[in-house]
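Note that chain A is present in both complexes that follow, paired respectively with chain B and with chain C.
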Partner chain A sequence: MQSRFDSARKRFIAFVLLGWILLLISDRVGELRNYQGAFVAMYSLAIACLILLTGYSGQLSLGQGALMAVGGYSAALTATKLSWHPVVALIMAVLVAGLFGLIIGFAVARLSGPYLSGTTLALAIALPSLANTFPSLGAEEGIIFDVGKAPTRFGEAFSQYKWFFWISALAALISIWLIANLLASKFGRNWKAIRDNQTAAALSGLNPGRLKVTAFAISSAFSGLAGALLVMLISAVSPSAFPLSLSFLILTGAVVTGVYNLRGVVFGALVLVVIPEIADAVVTSLGGSERLTSTLPGFLVSLLLILAVLFTPNGPGHLIHFRKKNTKK
Partner chain B sequence: MKLFDTFLTGLSTGSIYSLMSIALVLVWRSTRVINFAQAGQAVLSTYVGYEIIVRTNSFWFGLIAAMIAGAAIGALIDFFFMRALFKRVKSGPIVLVAPVVATLGLLGIIQAITGFIWGLDNKSITPPVTTGGFTIGDRTLPFGPLNLLIVVAVTVSLLILAIIFQRTNIGLSLRASAFSPEISKLSGIKVDAIRTFGWALSGAAGGLAGILFVSNSALNPNAMDVLLVFGFVSAVIGGLDSLIGAVAGGFVLGMAINFAVAYIDTQMIFPTTFLILILVLLLKPSGLFSRSKGRRD
Partner chain C sequence: MIRTRNLKRLVIASMGVGSLVGALVAPAQAADPGVTATTIKLGISSPTTGSAGRVYGKLPGAMKAYFDYINANGGVNGRKITLVHRDDKYLPTLAATQTTNLILKDQVFALVGALGTATHSKAYTAAALAAKNVPDLFVNTGYSGFANKTKYPTTFTILPSYAMEAKVMAKYIKDNLAGQPFALFAQADEFGKDGIAGFTAAKTPPANTQLYPTSSVTSDVAKTYLTAISATPLKLVILFGTTDVTATVLKAAEDLNLVGKLTFMAGSVGGDANTLLALGVKPTTIDGLVAASFFPDAKDTTDAYVSQFMEINTKYNPGVTFDNVVLQGMNSAMLTVQALRAAGKDLTRAGLISAIESKGATFASAGLVPLNFSSTSRIGYNGYWFGKLNAKGELKPATGTTPVVYTTDSGAGDVVKSDYKRLPLPAKGIPTNS
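Right after this comes the complex of A and B.
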């Protein structure tokens, strides 16, 4: 008991330290880096949600983009149509996406196999048309989501991008800390148990169906927050903000991180932010055509996904671990 | 009369859905993977068909080319990619998700490549017959020669599939290795080769579905994404395991969507699809047409 308490306290201190370091860094880098940093924070949260779902409870969701869209739309609707405070909007994103996840999860998550992945993928594909079905969602133009300027007490020089970074990083830090604690708790162990052997878990008194639905709802709730952050960063929500490629991107980030460990989500998120930059550089050096510009990022992401699945299926961390074990022999 | 009209259009959309659904079920039965790359395979083989149609000016050559290309792509993916994947990824909890993730990665790669070669803009395929409707007396039906062509083409290919499955040795091997790979191996069936053949059949069905689908609409690298959704939902309605169920599921979904569009609102396509999917999963997860108990593991 003592040791578990200790590790929880250590984790808390680590997160506070990380937040403080990020704060120091954000003061010293330019606006573009701050903006990219905000994206890294948002992606980290989204990847952490998928790791919770896939790595721990053993369910594969291919449509994280759709869950993020639910959060994004609820945040924008709350802030713009009801003109409530942006913080309330972010909380609404969590609640609505969680509820949505609960409903979908109740239908799908109890069944294993291809049903969950298929249904979530179908949701992600159909999302633009679904959003256009309801006129109150603003169709193609979408809805504006403005979190407002930074408070004046931060000074004149405090830029909008830095403010974005602060909000994203704070929201991501708090949420990932909560997720990390959850995974280290009874819930995390139970999820791993049903993932590894559902029958054995059921025999020892766990309820696999209920645990899976819980995992899906929690993952969905935090994905909603990530979606709201994404919408904040691009300042409006529309179907085109959540293309199918966003779901691919999150999945790639999770597989590159290693689906079975929360450590390294920031690494996965960094990769996602770096890929478009690499693609840009390649296109410029090749004297870029329009077709190459539009298809290369998607190609790189998919290639990375396949290579990661083929060569480090359990994550790069697992690879190092495996090597160590081999050398000991 | 509206009822009859809707029934006819439902028949034609439903037949395309059932082809896509069959393409998914064929792979699911032999590999236990929902092949999301099928949307990419179908789009790539449709582009091949499109090129042939542009070169030779004949829709029929294009249709055959698309089916052959689809079969070749399917076989190649299984032979060079899925086999390697199953050999490499054996341990750890990733085994459950790796094949699905891999098919998704393939989908992304194929779409990027087709986008690079043919561009992201819409191409159109001119069908060999008029797209207008038949006229009975002074009334024009919404069902025309093109719809008839689609229904006939799908029916013929379903019959061929049924003959392969019920009347040939290879069909028997296909059914046996889907039912129990180990026992089939013991009785001398080359399960791996049979599986590759299943992938080829599935690719051909996908190619045919693709070229028929775009002869009604436009062709671009993402054109088959929605068809994949309809195919998946049809397959779930049919219970994923049964070929007859897949066909029936396709027609059920096609009818439901056309009736919802005709009687409620033109925007009801996806809401109807998801309502049906959720209802089937909640009430009868093993599918409306399967006799066996649903697989929960």
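Right after this comes the complex of A and C.
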């Protein structure tokens, strides 16, 4: 009991310190790095949600983009149509996406393996394009989501992008801290139990169906927040903000991170942000066409996914853990 | 005890890392980027792939070609112009990130020739163009909302507003088509809404209005629409959208055998004959199509501007057919060069904006309609002339032998006939203004 309390306290202090370091860094780097940092924070949260769902509760989702879209639209509609404060819009993103996840969770809890991934894949394809059917959702022109400028007390030099980074990083830190605590709690253990052997878990008195629905709803709620952050970063929501490739991008980030633990989420997110930079650099140095620039990131993501599955199927974080164990022996 | 010690180590290590990062990384600098003693870096976000890319894909290449021509002739005040293009596929969210990349990553001095209303309005906010005072020149949109200086303090659009276009169309229908009632097929965004506002201001609202979301018009959608319209007494259909949509509707009319039974009228954005032919519309279908324009016909080799731009296109943009989009790109590039010259040797973002406000209306341009830039007006051209396309895709004046130009405003002002005479082409198409 004492040990669990210590580890929770340690986790809390680690997150506070990480936040403090990020704050210092954001003050010292340029706008581009702040903007990219905001994307890293948003991807970190999205990857953490997928790890909760797939790595812990064992439900393979290929449709995180759809869950993010629900959050993105909820936030934009709350801020634009209801004219509510952006913070309320972010909270609404969590609530509506959580509710959506709960409903979908009931439907998909009976599915597993390819059936589940097929269903979530269909969601990722169909859901964002629904906006084209309802004019109130703004179709491809989208709906603006403007969180406004930073408070004037931060000074004139406080850029829009630093403000984005602060919002993204704070939202991601708090959410990932909550997810980490949840995974270290009874819920985390129960999810692992149903993931490893559903029958044995049921025989031990666990309710796999309820646990799966809970995991889906919680993952969806935080994915919704990640979607709202994404929409904030691109100032508007429309179906093109949530392409199918986004779901695969997050899956790649999770595989690179290692789907069974949260340790490397920032690394996974960094990789996702760095890939287009690498593609840009490669095309510039090779003198390739613009068409190559737009297709190379997709190729690199696919390549990385294959390499990660081949060489570090449980992620680099797991590899380090494994080496440590071996050294101790 | 051991855990407490580990915790202390973690705290000390983190503080150390934080301070080190703080000390090592230099603070960001704020100045007008993209200009050196020998270069000016400009940026454009526009579609070169996707359905809109097939229509407007030539735009950045045409601009680059003109800038290369100017660079080969000494540049602007000794500075060579480079144009960085990023493809936004005509998707608003992609335009937002691509424009942000142009500002933050490519560090361009100014944006020039961005395309689209829904795309650029999102990009403007996302890339914080107002806060950074980034000149946003000659945006290819007619959305009158961009004229709002408070919301878009750095934007100058080039096309007449869609409201102006609708008002001039209403005048044409009244004068030449006996004011017959018409159906309006328009894009369901600021583009279409602006058009409806224009028709309403001209007191000739459409008898039937159908708005469609961008990129949603398939052959089936067009056929359903035309079938419904052909069941009404309406014989005139106004297409207020992009050229790819005009092509889809005209091809649907061919399939339904409605060409000739319905009269089609296309706005300036959607009436590019070469593109319509390239997209598979039959020459006999476009023969007689009424279209609005503020430019000379892109096939008119007797026009001084057109023939000069064609020459530049052949040398600096080889293999690309000259059409309205190439003409538009080169014209915007020529206006940009004049704006940069007018801003002087000591080039700043604020100086460039103020130069267009004070001297923009006097720039030489291929347009047959006056330019309206001033400290209170951010809309470039302010009128149209109407013509009929022939089977070769040439736009000939609908009445008489010379284009009759009408000008107006985006509000309740009258549509008036203009006797504007454009400035002659600068020698060899190289501006020398100051």
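One rule holds in what follows: the second predicted complex is superposed on the first by the 317 of 329 C-alpha atoms of A that agree within 3 Å, B and C clash if a C-alpha of one lies under 4 Å from a C-alpha of the other, contacts with A are read in each partner's own complex, and residues count from 1 in each chain.
Rule of thumb we're sticking to: a contact is a pair of C-beta atoms (placed from the backbone, for glycine too) under 8 Å apart; a residue touches a chain by one contact, two chains touch by 3 or more.
These numbers were taken from a predicted model, which means no experiment stands behind them.
With both complexes brought onto chain A, simultaneous placement of chain B and chain C is permitted, the two fitting side by side without a clash.
Applying the stated contact rule after C-alpha superposition, one finds that A:I144 touches chain C and leaves chain B untouched.
In the superposed pair of complexes, A:I234 makes contact with chain C only, with no contact to chain B. Looking at the shared chain after the overlay, A:S220 reaches neither chain B nor chain C. Judged by the touch definition given at the top, the superposed model places A:V29 against chain C, while chain B stays out of reach.
In the superposition on chain A, contact of A:W20 is made with chain C only, not with chain B. Once the two structures are overlaid, the count of chain A residues touched is higher for B than for its counterpart among chain B and chain C.
By the touch criterion defined above, A:D196 lies against chain B but remains apart from chain C after alignment on the C-alpha atoms of chain A.
Legend: residue contacts after superposition of the two complexes on their common chain; A:S294 is shown touching both chain B and chain C.
Between chain B and chain C, an angle of 80 degrees opens at the CA centre of chain A in the superposed model, to the nearest 10.
In the superposed model, A:N132 makes contact with both chain B and chain C. Put simply, chain B and chain C get as close as 6 Å, counting only Cα atoms, in the superposed view.
Counting contacts as defined above, chain A residues 132, 291, 294 meet chain B in one complex and chain C in the other. The touching residues of chain A, counted against chain B in their complex, run 54-55, 58, 60, 62, 104, 106-108, 111-115, 117-119, 121-123, 125-126, 129-130, 132-133, 195-196, 198-199, 244-245, 248, 251-252, 255, 259-260, 291-292, 294-296, 298-299, 301-303, 305-306, 309-311, 313-314, 318. Put simply, chain A touches chain C in their complex at residues 6, 9-10, 13-14, 17-18, 20-21, 24-25, 27-32, 35, 132, 135, 139-142, 144, 146, 149, 157, 159-161, 233-238, 240-241, 290-291, 294. Looking at the complex, you find that chain B touches chain A at residues 28, 33-34, 36, 84-85, 88-89, 92-94, 96-98, 100-102, 104-109, 111-113, 115-116, 119-120, 222, 225-226, 228-229, 232-233, 236, 240, 267-271, 273-274, 277-278, 281-282, 285, 294-297. Within the complex, the chain C residues that touch chain A are 3, 6-7, 10-11, 14-15, 17-19, 21-22, 25-30, 48-49, 85, 87, 89, 91-94, 96-97, 100, 104-105, 118, 122, 125-126, 128, 131, 188-190, 213-216.
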